[in-house]
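In what follows, chain A forms one complex with chain B and a second complex with chain C.
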Partner chain A sequence: MLFGIEWDTSSTWAFATSILPILLIGMWVTIQAAVVGFFIALVLGLVWAALKAAPLKIISWPAIVVTEFLRDTPLLIQLFFLYYVLPEFGIVLPAFMTGALALGLQYSAYTSEVYRAGIEAVARGQHEAARALNLSGTRTFTHIILPQAVPRIVPAMGNYLVSIMKDVPLLSVVTVLEMLNVARIIGDRTFNYIVPLSMVGGIYLIMTLIASGAVRLLDDKLPKRGIPLK
Partner chain B sequence: MTETGADTIIKFDKVVKRFDTFTVIDELDFEVKRGEKVTIIGPSGSGKSTVLRILMTLEPISGGVVYVDGDTLWHEKGGNGDLKPASESHLRKMREKMGMVFQQFNLFPHMTVRRNLTEAPTQVLGMPKAEAKQRADELLEMVGLTAHADKYPHQLSGGQQQRVGIARALAMRPKIMLFDEPTSALDPELVGEVLGVIRRLAEEHDLTMLLVTHEMNFARQISDRVCFFDRGKVLEQGKPEDLFTNPKEERTREFLKAVLEDN
Partner chain C sequence: MDWTQYLNPLMQGAWVTIELTIYSTIFGAILSFAAGIGKLAHNPLIKAIAVGYIEIFRGTSLLVQLFWLYFALPVAGQAIGLDLRLPPVVAGVLALSLNIGAYGAEVVRGAIQSVSKDQYEAAKALNFTPRKTLWRVALPQAIPEMMPSFGNLAIQNLKDTALVSLISLSDLAFRAEQLRNFTQDSTTIYTMTLFMYFGLALVLTAMMKVLERFVGRWRAGAR
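Now for the complex of A and B:
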């Protein structure tokens, strides 16, 4: 029994149908962790990208160092750090928040590069035309540069969304009851690993296919109108 | 202002522009009168485009003083009357006097043709939307593109795009128009329509025009004065009929011979 739901081990089929609701509870946690982590990565990545683009080295350098550190150390280390070290400084976060934060932090380093590349790919002439027309810096960024960068950014961001979903099982080491962790617990208690693990694999496949399909749909719907993409 | 006469709208006073160690503009003295149409010709790397880019505040200067419409462009008067580097707000004020047409058009690809023309007037000049739209449509009529107002730039030919570029610059009601090789990126058969628009501007308006071009015949027809740039300086200048038919400097002769043979 898990989450108050009993399983039925009389047959493989009965076992599978009885644990499906339990796995779906785990799936919901997985989706939440991926979405929250991805949201953190999207927001924080834009902040890193802006800081890295700053003309002052005293601003850009720390951002470069931090993102390199986040990118070049394993997610598991960052996760352990947040979970076991932060409480020593009096910061105690729930396991779920710790996991989502770790995912968001690591992926923010990746997304910052996507933003940077997308923004830099906008032709210099666009900045010059905006300046010649006396548009303000903010207006230029939000209405001239960003709209041309977004169509370049979306496909790469979609890949990271799928990737972040596949990294969620790492959160099980800090006790988050995401889908794989739930499947392992079922296996431990029933000595049947094949069925729950296969089901998790299948559910994952469906989730990532849906996510990448949604990203492709979004990409198709985005107005590109003559923006040179390559 | 004492530094420039009332009929002088642009004045370069010993202006220097360096990129690292390479000196593009070398103690340049250069003046343009109000309403004058001046063409700048010269070999590539002679600094002719840089003059326009300095005026449009796209390239800061390394030395000297630039005056535009009676005020310093890259400097501001400090409390004690000394010149100090211009603040962004001063540059914004000065930029309003000028409009620029780019070699690569640089239209905003994600905006319709009309929106390209209304974006800056509404955002920068605070013009009401309806008024900006009406003005945009007038300008599009002037450049012969009324039918294309709701299209996006990539749906237009290069010549049409450049005519939008001209209309976009005019929408800000500049006193000075800067044309940076406006036809160099165009297929030969599209050059004429763009030159036609510039010619009408030159003939029908009292705009001050500064044009960098390789179209020698066109320069000859529309310019009050032609300046030959060489190594960051004006080597020779004069009325087009004088400079083209009777150049005094050897380098001017060589250059004209090379480009006119090419045409």
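Now for the complex of A and C:
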């Protein structure tokens, strides 16, 4: 029994149908963790991107080194670091938030590159035209550059959301009851690993196929020439 | 305990991490080429196998794959009367290479498709067999295109090896966890571990850059 739901081990099918609701509770946690982590990555990535684009080397270099470090070290170790080291400095977060923060930190390094690439991909001529029309720097950015960068940035971000979803099972090591952890507990208690673990694989496949389908649709639907922000 | 005393056990773990990275990158590369070329095959059966493999291993979480191979496969083997109990190191390398191979397959496919059509037409005009076209015309031009993405995947693979600590393989992550349990000195141990992974990643990046220059040497004048 888990979350107050009993399982029925009389046959494989009965077992599978009886543990499905339990796994779906785990799936909901997985989705929540992915969304919170993604949100942190979006905000923090923007901060890194802005710092890396700074004209002063004393600002841009540390940002480059930090994002490189975040990108090149394993999520698992970052997670353990946050989980064990933050409390030593008096910051005690619930396991779920620590996990989401670790996901957000690791992926902020990736999203900062997406922002940078999206903005740099806007043709040079657009900057020059804006200048010729005597638009101010801020207006050029918000009305010319950003509307054209958004259609490039959004699909790439969508792909990272899918990747984050696939990294959520790592959070089980800090006791977050996401889908894989739930499946393992069921396996530990019933000595039947194959059904819950295969079901988690299947559910993941369905989730990622739907999510990547949505990203592809979004990519097709977004106007390539830009989105007017007014 | 002084931090220098952590160095020895962590180094032993780092060595296991290096071995895992090397094995799984090599097997992963072989799988990438097999599945990437398979996805472009005309034979529907080969194509279906390649597409199925790529979708399954890209669509599910690596940790799920690892746990499935380690915990579920032996049970499945028992059901059909085979002993499929894998030692942790085999399950680890297998899961890592299958996972990275699926990502690599898309890179291989993309690079082969990016070889210009004229090249294939020229090969046909010169009466090359399909196999010869692939080996002598398409791949030599496609491989340099793959290298930057392969570099990223190799780093990804290095980071992913940390997961095998969860099936009790004594790699760097496992040693760090062990030391932490023993000494409770989390800050020092995990900081050192992070920097060791970062160092390994920098070395790996440098090696991939050398390899990139090596496979692209024939076009040094062109670019």
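Rule of thumb we're sticking to: the second predicted complex is superposed on the first by the 224 of 230 C-alpha atoms of A that agree within 3 Å, B and C clash if a C-alpha of one lies under 4 Å from a C-alpha of the other, contacts with A are read in each partner's own complex, and residues count from 1 in each chain.
As a convention for this text, contacts are C-beta pairs under 8 Å (C-beta built on N, C-alpha and C of every residue); 3 or more make two chains touch, one makes a residue touch a chain.
What you see is a predicted model; the values in this text were computed from it and never measured.
**Q** Looking at the overlay, what does A:I5 touch: chain B (first), chain C (second), both, or neither?
**A** neither
**Q** Pick one for A:A14: touches chain B only (first), chain C only (second), both, or neither.
**A** Once the two structures are laid over each other on A, A:A14 reaches no partner at all.
**Q** With the two structures laid over each other on chain A, which partner does A:F80 touch: chain B (first), chain C (second), both, or neither?
**A** In the superposition, A:F80 touches chain C alone.
**Q** Mind working out whether A:I227 is in touch with chain B, chain C, both or neither, as first, second, both or neither?
**A** Touch status of A:I227: first partner only.
**Q** Count the residues of chain A touched by chain B and by chain C, then name the partner with the higher count.
**A** C
**Q** When the two structures are overlaid on chain A, which partner does A:A129 contact: first (chain B), second (chain C), both, or neither?
**A** Touch status of A:A129: first partner only.
**Q** Classify the contacts of A:Q148 with the two partner chains as first (chain B alone), second (chain C alone), both, or neither.
**A** First partner only.
**Q** Which parts of chain A are touched by chain B and by chain C alike?
**A** none
**Q** For chain A, which residues are in contact with chain B within the complex?
**A** Listed in rising order, the residues are 123, 125-126, 128-129, 131-136, 139, 143-144, 147-148, 223, 225-228.
**Q** Considering only the defined contacts, which chain A positions touch chain C in the complex?
**A** 69, 71-78, 80-81, 84-85, 88, 165-170, 172-173, 180, 184, 187, 192-194, 197-198, 200-201, 204-205, 208-209
**Q** Would you pull the chain C residues touching chain A in the complex into a rising list?
**A** So the residues of chain C touching chain A come out as 55-56, 58-65, 67-68, 71-72, 75-76, 155, 158-163, 165-166, 173, 176-177, 180, 186-187, 190-191, 193-194, 197-198, 201-202, 205.
**Q** Which of the residues in chain B end up touching chain A in this complex?
**A** 56-58, 92, 95-96, 98-100, 102, 104, 106-110, 119-120, 123-124, 152-155, 168-169, 172
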